[in-house]
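Contents: one structure, followed by commentary.
For clarity, chains are labelled A, B, C, D, E and F in written order, and residue numbers in each chain start from 1.
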Amino acid sequence: MRVDGRDRDELREVTITRDFTKYAEGSILISTGDTKVICNASVEESVPYFLRDQGQGWITGEYAMLPRATESRNIRAAAKGKISGRTKEIQRLIGRAMRSVIDLDKLGERTIWLDCDVIQADGGTRTASITGAFVALIDALDYLLEKDKIDEMPVKSFIAATSVGIIDGAPALDLCYKEDSSAQVDLNLVMTEEGRIIEIQGTGEENPFTQQELDKLVELGEKGIKELIRYQKEALGDKAELLNQKEDDNA
Amino acid sequence: MRVDGRDRDELREVTITRDFTKYAEGSILISTGDTKVICNASVEESVPYFLRDQGQGWITGEYAMLPRATESRNIRAAAKGKISGRTKEIQRLIGRAMRSVIDLDKLGERTIWLDCDVIQADGGTRTASITGAFVALIDALDYLLEKDKIDEMPVKSFIAATSVGIIDGAPALDLCYKEDSSAQVDLNLVMTEEGRIIEIQGTGEENPFTQQELDKLVELGEKGIKELIRYQKEALGDKAELLNQKEDDNA
Amino acid sequence: MRVDGRDRDELREVTITRDFTKYAEGSILISTGDTKVICNASVEESVPYFLRDQGQGWITGEYAMLPRATESRNIRAAAKGKISGRTKEIQRLIGRAMRSVIDLDKLGERTIWLDCDVIQADGGTRTASITGAFVALIDALDYLLEKDKIDEMPVKSFIAATSVGIIDGAPALDLCYKEDSSAQVDLNLVMTEEGRIIEIQGTGEENPFTQQELDKLVELGEKGIKELIRYQKEALGDKAELLNQKEDDNA
Amino acid sequence: MRVDGRDRDELREVTITRDFTKYAEGSILISTGDTKVICNASVEESVPYFLRDQGQGWITGEYAMLPRATESRNIRAAAKGKISGRTKEIQRLIGRAMRSVIDLDKLGERTIWLDCDVIQADGGTRTASITGAFVALIDALDYLLEKDKIDEMPVKSFIAATSVGIIDGAPALDLCYKEDSSAQVDLNLVMTEEGRIIEIQGTGEENPFTQQELDKLVELGEKGIKELIRYQKEALGDKAELLNQKEDDNA
Amino acid sequence: MRVDGRDRDELREVTITRDFTKYAEGSILISTGDTKVICNASVEESVPYFLRDQGQGWITGEYAMLPRATESRNIRAAAKGKISGRTKEIQRLIGRAMRSVIDLDKLGERTIWLDCDVIQADGGTRTASITGAFVALIDALDYLLEKDKIDEMPVKSFIAATSVGIIDGAPALDLCYKEDSSAQVDLNLVMTEEGRIIEIQGTGEENPFTQQELDKLVELGEKGIKELIRYQKEALGDKAELLNQKEDDNA
Amino acid sequence: MRVDGRDRDELREVTITRDFTKYAEGSILISTGDTKVICNASVEESVPYFLRDQGQGWITGEYAMLPRATESRNIRAAAKGKISGRTKEIQRLIGRAMRSVIDLDKLGERTIWLDCDVIQADGGTRTASITGAFVALIDALDYLLEKDKIDEMPVKSFIAATSVGIIDGAPALDLCYKEDSSAQVDLNLVMTEEGRIIEIQGTGEENPFTQQELDKLVELGEKGIKELIRYQKEALGDKAELLNQKEDDNA
């Protein structure tokens, strides 16, 4: 029995609200249980210095938490004058995950920023950020398509992310903060709709784990991610169909 | 005729949502037109170094905007590694305004942080922050009262804030961004319910103004602030009554 | 009776020394009582990035205090690695004030820096900085005129600044540090020779004030500012005449 | 056939030199092929703030590269004034890995710093750092044991780390830089001698991978790590025996 | 013939004004030719962390230039967010020079800060800072003596500093900026009244020099420093006598 | 008798290893006694901003110590976010010393970076850095010559550096850390093969010294430097001959 009564393989309640703020090309509020993240996608008509004049685009992620997203207040990164290692890790992870399923050549010489700002944190903020950011990214790409700035959706696959872990000796899906802080093993997974792994980051600091346990965790994660992609598609409605069709064409 | 069809002395639509996030002792989402600010009040059981062992409390404000709260994306303060002068000005203003109506001796040796995070910006973010932060502050003080950490509400008066300006030669209340950026004169006012001035900050960089114009602007601001305090009271419901009563006792 | 024996509407002794240092295009030492500020104007033949190729100039202010300008030593901003919010506020104020009466189009694509360095502080350093910086600015503009870099003096009006406040319940002009730190209300005013308001920044953190009190403070400030402008004109001698004439032409 | 003629499951040549510098309690130079890292373990008789008075110790890692460890010179982190996200990730990884097999309660209230400074980089610097740091850690713990500061070796298991990846569609062990930069999948593994996983960090940014491929990579990594632990034991000589014995006692 | 008509062994005109600002325990304006430096000595009743509870005092120096002390404006260190290597070198030099002739045990557990702020720079600012700072230091020590905080003047000797260099192949004393920037050799000397060397810093970046040349430069510097000490004594008047007497007692 | 049994005029054992790492154009490990420094020379095909389009090259130095190069661990400059004054001083010294004997016009528009990283410190790290960096510089210049990027070796003279000091009242050559920290006088010298002085930096913070003592120290330093240059030549083998020949041509 889990701390919030869920089954071992059960996600928390998921809601994805599109057009949450009015200026961003894509703006999502995603909640998974009590974790709530605003994911804004912004199009910038230039690329970073290292990509100038190479005819391709770039996608990058930023992540932050409101000071009081958590049980006790955290000092702002800006007030400390530096970004924590944890935040940088998450920012790099979001960027890599998004780039992994986008054809950057078809994006053209522009950057899409994915700002994930956690307004309430109850575990799994990095994976919720990725799941939400992907929807914001689709909206921003659709904006570019509508404006005739790109010719086709440069998306190779749907992706989503979740955490899995070993609690009291057994695997569990989508850990809340209480579970996360007492888990023997903690693993974050980013996967495509087809169940292919984009990122796997697992740590058994408290308790090294076996390859058999790893396999069970990956399978549990895959189950959760496929459900999350169903929520993404539901939120996107017709736009998701458009993407599916394109994927069929590719097939 | 104003850009959004309002009368010269008309506020934008105001909504104040309490308990917007779950951890903060006070958590408000305030919107005035398209400006939306999350105002979280956090209680910390210690005071800054310069107040140690003096038997009094402290109230301080922080302010930030999500990168895409605006038409075009802004770089995060944390990424730049420094907080802009504008942000620091607003942080200091929020803190001074809150402290002006709170009896810090009655607060005890603790700090209340008021974090104002703008998620959508259409002008007047600093005044909306103050109006919202005051409600979050009341909720945090009420929390302390309920926990028997303070004996009575240490609040001297309701306060709210708004901006006024001279547009096309005539005064107008509660400027939206479009008006703000073309105003000849721009004035921010923080006032008590009784119409007393706590802060006045006016600039006529484009067009110096007369004392007569100043007077008209202050009157217009007072009208707006009294309306805003009605919204605050409505949001607070019974808690506002409690405060009123105490004020009567003081009279 | 005031702490230093002055009348309520009496300025401290003012001296303005021109050509205080030898390299700056304008270099002023201003003293108002025991407050002493070096105001240097420097011409730079370029404009900030955001103004490139727009055919107009820029004026900006910087402000700092020597570590021992005050009763007890302050740590240098450079040693702390960051500029305080108070300093940034004052820097922005000096810049806005100067720009408000200069025709930036006539200045050409160049920047004038106004460095205000307080060597002794006894209250009113920001207003003394503005009053002194304006004289340094005139000298720098005259230098440009003499060098045929500009065709005419791009000055719309004389400006000066002072502080007013409510002490022991009554208004007083030009507060010294002792008065300033115990004032119920503290208001800084920047005005033109014609009595028009450029900046008004008032705070009643200790004691909110009425509109009637505001009016009296503004009137008292106007009296002081007109005297300060007489000191500026005296210091400038013939150059002031030149400006007056031009203003007459405009009339 | 691999770029340097190795078999798919073949490590590069490994050498581990102890007592490389004279002051550190443990000082290792590890080379794996052309990757060379100095790993120094330093004992500090205090713990970080968050662990004060809890009767336990701490182990933390730092990582840096000499500016010319690589093909082209990198700017020093100190000159840039900030540590890159990549460096912070690696520092956190080294610390977690070391802590995972040490009984921090038995370490007492002291910190062991593991400084990993790369003097030559040809891929796999983070995994070489971990493999070398573990040996330096053993030497530092042995120093504490000899000085009677601890009663027994608080080591639960040997650990080492390596990278595996998919190159030209097939798995390969211990990637050099050339392989690493063209790999479709790149996975870093930290494991115990018993083949249990402490950290797994894999990314298929270029090419998402299947669970079957993940399994093959983990198996290949396990083979390499077991060889690396043999190198560690050889370098440690008798000290390794001591550890083994203790492990037997535990069994 | 030198650029300003001086003889090879001739100092520029020196003036030392005491009590230049009113709050510092010692406050000097020193000018050597067109170089002008404000040297303020501040007493702080505590010592740096590394000297706590050792019963001795500390003396430290800080140095800065006003942005427009020079021909063209320099960006403030605070605006850049870091102190230049040149400034740090000079700060360390001032501190070492002052400490070299003060008995820190007799100073008691307090710090004297020597803030040297250059308001006009025409070469030799670091040596003028030292010569002026020494006088400010004497005033601050005399203040401590008068307040009965110390029992005797803890000064071992007078010190002053000057620069010498090789210009057009021959040695010259007290270089102005024009000479300094074209000198083949540039040497800064700090010496006691007795002609003993406290600091020697010479560089022949443009033209390595012989030991014979070094000797001539040191002799020339000694001549200048003895004159500078006469100026210091003249400025100090009776206080200098007091010091001399004590030195006689020591003899 | 010295702490390590050496004669007063005896250097510690010197070894110079070339090609210590594989990527740098020049890579030296120098050890003088227990002081060990890696000196890497890196060629960059551009010059700093202030030298653009002037047809000349630049040489600059950087210096750092591994955290555990010393008896007790030092915090990394990158972790503190700033470079210490001592480090900046040494960096500037290395750069000036190298530039003093190189014809920058003949170098062409490129920069040579000399990174001196101390892996073990027992006094004299800055002088060992200079002695080693010069050899790395020669290797980098030879690389440019071989690649036909320069036409001739732009080297005017060999240089090396050492420290001398007064210990127990008498001069001594090449101080180790124990001697250095108790020396009455400490002097660093950089000289050419011909015994000309490039840099002299001496401080008698504990004990001012006479010109006679200075002379003896310089003579002792010259003896040591000439020996060090013999070690450099031995390490360079034929390359040194090449340089000598060129110097003969110049004669």
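Please note the rule applied: a residue touches a chain if its C-beta (ideal position, glycine included) is under 8 Å from a C-beta of that chain, and two chains touch if they have at least 3 such contacts.
In UniProt terms the chains read A, B, C, D, E, F = Ribonuclease PH.
On a predicted model such as this, the values are computed, not experimentally measured, just so you know.
**Q** Going only through chains that touch each other, how many steps at minimum separate chain A from chain F?
**A** 2
**Q** So which chain is farthest from chain C, going by the mean of the CA atoms in each chain?
**A** Centroid comparison gives D as the farthest chain from chain C.
**Q** What is the distance, in whole Å, between the centres of chain A and chain D, each centre taken as the mean of its C-alpha atoms?
**A** 29
**Q** Measuring from the mean C-alpha position of chain B to the mean C-alpha position of chain D, what distance in angstrom results?
**A** About 52 Å, centre to centre.
**Q** Just give me the whole-number Å value for how far the CA centre of chain A lies from that of chain B.
**A** Centre-to-centre distance between chain A and chain B: 34 Å.
**Q** Could you list which residues of chain D touch at least two other chains?
**A** Residues 81-82.
**Q** Reading around the ring from chain B and passing chain C first, what chain order results?
**A** If we begin at chain B and move toward chain C, the chains come in the order B, C, E, F, D, A.
**Q** Report the residues of chain C in contact with chain B in the complex, numbered from low to high.
**A** Its residues touching chain B are 82, 84-86, 88-89, 91-92, 96, 99-101, 157, 187, 191-192, 194-206, 208-211, 214-215, 218-219, 222.
**Q** Please give the residue numbers of chain C that touch chain E in the complex, ascending.
**A** 21-24, 27, 34, 36, 38, 40, 42, 44, 62, 64, 66-71, 73, 76-79, 81-83, 113, 115, 117, 119-120
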